[in-house]
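My questions will all concern the structure given below.
Labels run A, B, C, D, E and F following the written order; every chain starts at residue 1.
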Amino acid sequence: MTLEETATRIKRMEIRGAGRIARAAAKALLDYSESINDLDQKSYIDRMLRASDLLAGVRPTAVSLPNAVNIISKPLLKAETLQDAKEGLEDRARAFITHSEHAVTRIGEIGARHIRDGDVVMTHCNSEAALQCIVTAHHQGMDIEVYATEVRPRNQGHITIKTLSDAGIRTNFIVDSAARYFMKEVDICITGADAITVNGAVINKIGTSQIALAAKEARVNFLVAAETYKFAPRTILGERILIEERPADEVLPDAILTTLPHVTVRNPTFDITPSEYVDLIITEQGAIPPEMAYTIIKEHLQWDMDNLCTDYPYCEEE
Amino acid sequence: MTLEETATRIKRMEIRGAGRIARAAAKALLDYSESINDLDQKSYIDRMLRASDLLAGVRPTAVSLPNAVNIISKPLLKAETLQDAKEGLEDRARAFITHSEHAVTRIGEIGARHIRDGDVVMTHCNSEAALQCIVTAHHQGMDIEVYATEVRPRNQGHITIKTLSDAGIRTNFIVDSAARYFMKEVDICITGADAITVNGAVINKIGTSQIALAAKEARVNFLVAAETYKFAPRTILGERILIEERPADEVLPDAILTTLPHVTVRNPTFDITPSEYVDLIITEQGAIPPEMAYTIIKEHLQWDMDNLCTDYPYCEEE
Amino acid sequence: MTLEETATRIKRMEIRGAGRIARAAAKALLDYSESINDLDQKSYIDRMLRASDLLAGVRPTAVSLPNAVNIISKPLLKAETLQDAKEGLEDRARAFITHSEHAVTRIGEIGARHIRDGDVVMTHCNSEAALQCIVTAHHQGMDIEVYATEVRPRNQGHITIKTLSDAGIRTNFIVDSAARYFMKEVDICITGADAITVNGAVINKIGTSQIALAAKEARVNFLVAAETYKFAPRTILGERILIEERPADEVLPDAILTTLPHVTVRNPTFDITPSEYVDLIITEQGAIPPEMAYTIIKEHLQWDMDNLCTDYPYCEEE
Amino acid sequence: MTLEETATRIKRMEIRGAGRIARAAAKALLDYSESINDLDQKSYIDRMLRASDLLAGVRPTAVSLPNAVNIISKPLLKAETLQDAKEGLEDRARAFITHSEHAVTRIGEIGARHIRDGDVVMTHCNSEAALQCIVTAHHQGMDIEVYATEVRPRNQGHITIKTLSDAGIRTNFIVDSAARYFMKEVDICITGADAITVNGAVINKIGTSQIALAAKEARVNFLVAAETYKFAPRTILGERILIEERPADEVLPDAILTTLPHVTVRNPTFDITPSEYVDLIITEQGAIPPEMAYTIIKEHLQWDMDNLCTDYPYCEEE
Amino acid sequence: MTLEETATRIKRMEIRGAGRIARAAAKALLDYSESINDLDQKSYIDRMLRASDLLAGVRPTAVSLPNAVNIISKPLLKAETLQDAKEGLEDRARAFITHSEHAVTRIGEIGARHIRDGDVVMTHCNSEAALQCIVTAHHQGMDIEVYATEVRPRNQGHITIKTLSDAGIRTNFIVDSAARYFMKEVDICITGADAITVNGAVINKIGTSQIALAAKEARVNFLVAAETYKFAPRTILGERILIEERPADEVLPDAILTTLPHVTVRNPTFDITPSEYVDLIITEQGAIPPEMAYTIIKEHLQWDMDNLCTDYPYCEEE
Amino acid sequence: MTLEETATRIKRMEIRGAGRIARAAAKALLDYSESINDLDQKSYIDRMLRASDLLAGVRPTAVSLPNAVNIISKPLLKAETLQDAKEGLEDRARAFITHSEHAVTRIGEIGARHIRDGDVVMTHCNSEAALQCIVTAHHQGMDIEVYATEVRPRNQGHITIKTLSDAGIRTNFIVDSAARYFMKEVDICITGADAITVNGAVINKIGTSQIALAAKEARVNFLVAAETYKFAPRTILGERILIEERPADEVLPDAILTTLPHVTVRNPTFDITPSEYVDLIITEQGAIPPEMAYTIIKEHLQWDMDNLCTDYPYCEEE
């Protein structure tokens, strides 16, 4: 698959999921670099930087894409020889792929340590990383019971309870509105994240923030399981995460809606849970308090003002 | 319709709704009393008390039933003559019916005064009294916008948005999980109640307490619209309101559930909103703080320890 | 002074202050009744009811006026003879005047019991009743220190610190913005009220609710000193207390404002402190929790749905 | 036992406990009244009022004493004949004794309805009424587990766990500092009260307010079990409940203290739990929200401003 | 202007404002270094260190001064040759000046991204950085409305509303006490800072913390716009920021104060907003959560224990 | 003392206290290294790594032990020559010992800056570091008053008040339950820590979290004094700090317990104070917000994923 093919498939969402698109981009950069054998240092670097820009911009709201590209293309800017640049980039691409494949496993292992035998866990939506924590704990022999929500309007909860039931975990299925009702029975909440901002706010499936609020009210710990590439670097520059609104017919059949002239369906996909309702974020790099998001972005994702600013006008002046 | 027929129809839920069953019981007592013309005082009272007991016990969890019967049968215990007893009971039965029929209208008028021109109102489930407040304000010429929830699993929100759209009120329809997301746009929340306890806790459709919590978090006033016969006298004696759990297939089709051996559906119908999240309860007797529930029960519903205790063993000793 | 003269002087605000206008109305009704000697019962009652209506409506937002008139004119509705009606009304008018004159003294005595030797008290605006609590405690020999705010835009704080200094009480004068800064030094807050709603919300000088919030944050008790005629009966019917906005030039000189085409001055006189920030309301009838406002309105001010409804259309039907 | 003997024994604390001293006073008034057979109405009333004053003032801080005397001596002030006065007083004295003897039983029955099968209950100190709720629930067949605190410095917890163990109830004994640690395991807290103020604040054993705060933090219901004669009428007049400080050697042996010249032992017996941390107060008259304390004082204890004011100077003027 | 002249003008406050005094110090160090051409390495470094100490200590409470001097003089300690030291220092001085001049512009650009079209913004006092965020958003075409406070006692709000009106931004001018009253209309609060401590507490104009508290109560985001040189390094060592109290006559004319023997004016200039009420701090280095203050001090201001400790006795031992 | 002897004495708790065992381990490694003079690089490193492992694992829950060993043995992994390795390790061992000996002194100096003249300080248990802050402030001439708790069940408060009294500091001794009662008198709380997790939660003597909660409720600052080696690196991997439960007879004599068949004593030694109740942690490296725990662990304790993972199976794969 060529670089352009990969870009196209990501754009068309044939390749989906934060981890998969990041790994696809890494693989594409690796293959592309390996295919270049006859250029001088400057030409190699120019070409790879253009390839990086192409991939990073294919789906601007998928934060894992620029995160991956940034980590992998770092050596281009600092290498002193062609060999340094090429080997550096290719090594990082391979390491990224390996690391990313293990990320969910690691998160599961770290997260499972926060679950105790006999715990009742509540989860919302269908997060691979969050479920990994629960399933890992279950495999370690802990007796665990789960409350899983329906997750209107797309009912992702149906997938969640299938995963849990298949793993042999005792699961209660509830409507989203019942989260606070059962919160007093719950020992710990674990959800995933779609993105995490510089101040530790968690963007996740609509309804997450309500559950976090109800958990706070009842002194129940609220954990978020998220790979580091879910952290959104541009929020350092003040960029807001846009909350997508999806089609009305996910919520209300058109046949009904058309009979109701004064009714509009509002269907936001995500909401924002403020950091004060989040006790820990479990990444493959360890468990951190949400306020450390900035450090993750700087240390693990290797962003700084310089590369963040590349396409922001006010950075040009320096 | 005879007394027994009325009792049967209430029991079979052919007569439903807090207001309707209360009025049916009042009408049955009135007709029954009018049909008795040849008894002496003691026999009349005995017979009417038996009729009262019969009706009050038909659906023990429907709090409006004993509330109505108690108010209407009061004169039986204090009357000095047959005429006093009979006229007293019949007058009260007629007054109760009239009063009850106007209750929702009055609540609408009182509640509308808490809405200001331009307000955005959030409501949950499908409460006649709560909607009456909104519609009355709209009819008074106020520009009002509503957020109405879907109300899983039975989707009562569909009825709510039809009522609102038919009235010409601009309405946004959202999933239950999106209540906190939109709360910052909301000026006031108004819901109904299925029952209200002596300490002002509101039993209402599952999800109500989550919305009330999110309203509190955002300093949005939360109002409850409820006829006085929703107040539950026996909670003075410590009686807990039982939260009914309804069938699993309301939430998840049996076809799916049977494939998931470790999954149980939990489907509670109501939750409990503590009084600290409720700013006002709007009754047809006026707007009161939730802490005044005790006074409503004593003054308007005319319960006291003596009649409350009738069938509690520890009361016998006095 | 004739009834009309009294009405006119109240209207023109030549007679001001909740207590003074209530007593003026009582005196006017008393004099008017005493001047009527030749009418039959019905004519007397009709004339007095018209007089009552006239006075009660002179300044509709001054809640003490209808409160006084309602208490005094009660006997008109229940009296069986002319003598009963006339004596009843006149007795009540005299009692009201006496009672009202002593109300602030009583409030001071009750409030002073909530102050301990060595206490630091914060007050806002210039409330006769609140200052009476402080001064009474001082006269009882307690060592008291006060923080008094400036109270922009009218600087009523200047009057307050004069009263306190004249009484020999150590006083700190601060800008309104400094209330939270000094709150950690404060043992108790005491303010007055302009009106109190049925659910115990306190309408008082703008800035009061900020101080109450800062007191709550620091676990400092917040007391309100208010005569019972400050309680607003119509809030039972859902009536909102209107918050008056006063002229811009109180806040910003016209000479400046006219140079700022995009600037509007907003100058609300009062704000609303929710009952959850108020620990006690000290009335001349005793100290009560704010949630008991309803009881004060019913028992002490003698309002009920019947007289409250007189001029509300939906009451006609009964 | 004569009236004077009863007064002396109460004074010397030979008769102790809120209920016992109230009943002793009632018995003393009953016997004294029965012994008077030859006086006219006025003399009888004068003598009984003096007797009432004598008993009510024997231990001014024991609120149950004036509460009992007030209820019993009410008929003296309103009776129209000697017989009315005497029979009225004697009937009330007998009723009070009977009622008081049953109060704890009733509280247990009402409180038990707030406990569910399988509940974990936390209690503090050693309250007969609170334990009665737990034991009654246990006797009804519920499976209950209790966390009971040590209650320094007097270790009243030792008595509590003996009562619970003797009743066969599974009990965990913890130091006072461990209350928050175990709060997440707890379903409901129940304590007693030494006194309850007009705004629903609960004066109880030192440490109670910390537990209530920790319960609030974890959304655990906090109930107070208290006979109505624990409500303190004079708090309506602003009277503060004095918090007694007991001897240092309860906390630290004198032998140690004398070696520490800069150390003072502070040993307050009670603390004050604000009403916002109390969900319900369970009295023998029913379960009420704490804000209804005023109503209990007025309706059940039959105090009003007139009899409250008897010995307050500012009341004389009326 | 010589080094001494610059020092004197800063001392006399002829050069004022955090940014201006920092740039003046940088310019003075640059000029001074450029004027030294004939010294050996050690003598150059000694002389520059003395110059640095002189400038850093001119106004000890202006935190931007030692911050600037520390960044610029860093190369003196690590340089291996005279040329390294001299060029290093001069490069840093020039970079600091350039950077500082652009800081407010950058903050405006980052901050504007947190404002949405149609937002209502509240600000307090007169912060160049905070206003830049608002004005930048306005220039980007957003429709913005502002609530600006009066800012007693010096009325800096008058300057703020002039800036906003001149920019054509719709502005409401309110007294400081009205902040909570209007908070429900507000979407976002933005203020500046005079200093920020290691744990993210914001020292700003008196009244700021009250507004932040009211914003928290209403779930309104509270942002602080501050250049990185506002962060106070010595707070790492536990140093408290002193809150200056200014003259009484700013608050109350002497003519009045002298007539009030028991009155003292307390006039603190700043208050402290705890980090839990601050959602984000917008610096020219990006938007960070307040808890990251420590990182800013270490990474951007380049302080560590060694240079922090220079003049602290307990550091000598190492 | 040989390496093995040191290990044994630490294991037997003959060497106790976080600082002392860390220094003993450092000294043992230093002596052991100095005794090795004839090995090649690889053999030296192997032997020292085995020695490190031995010491680090002697008491697995004493977090200061692996922290010390990790810092000291770092050079083994990176040294290029035998001399580098040996000198590096020995230098670090000596530096660690010196640093550790001064740590409490430094904490005292930093902490004292957070205490103001006239402050009332509350402390719990018996923390050398916390007391050092108080005593240092006292020695600097500040007038300080302390509330110290009894600290059941082991009464460590007796040691605390002796230290304070010997230092001449005015001290109030209270039972643990009285902390909230006196909190309104308190200006600042300072306690120690046994361990601090990656998200800033403080593990300290049972009861600490209750006091922190009561401090939060009353807006009283809560500070923790702790050497950096109290921070627990493995919490980054999700490891939970185990809360030890100690013998029942510390709380209740066996003689009593054996008579109570249904009673179990629960005696946890520590509880967990969440970071939101902690304002600052004072380390010898400066005062930091609790959210910076991660940075301390990484920068000062020099842990990273690689050395953290050594004995975790999921790390092997890389």
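Throughout what follows, contacts are C-beta pairs under 8 Å (C-beta built on N, C-alpha and C of every residue); 3 or more make two chains touch, one makes a residue touch a chain.
None of these values were measured; they are calculated from a predicted model.
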For chain A and chain D, which third chains touch each of them? B, F
Angle of rotation relating chain A to chain E [CA atoms, steps of 5 degrees]: 120
When E-F is set beside B-E, which has more C-beta pairs in contact? E-F
What's the distance between the Cα centroids of chain A and chain F, rounded to whole Å? 36
If you average the CA atoms of chain D and of chain F, how far apart do the two points sit, in angstrom? 45
Rounded to the nearest Å, the gap between Cα centres of chain D and chain E is 57
Each of the following residues of chain B touches two or more other chains, namely 217, 276, 291, 295
Listed by label, touching pairs are A-B, A-D, A-E, A-F, B-C, B-D, B-E, C-D, C-E, C-F, D-F, E-F
List the residues on chain E that touch chain F in their complex, please. 198-200, 235-240, 274-276, 291, 293-295, 305, 308, 312, 314, 317-318
Under the definition above, what is the set of chain A residues touching chain D in their complex? 183-184, 187, 217-219
Within their complex, state which residues of chain F touch chain E. 98, 102, 105-106, 109-114, 116, 276, 279-280, 282, 285-289, 291-292, 295
Which stretch or stretches of chain C touch chain E in the complex? 147, 150-153, 158, 161-162, 164-165, 168-182, 205-207, 209-210, 213-214, 217, 243, 251-252, 256, 259-268, 271
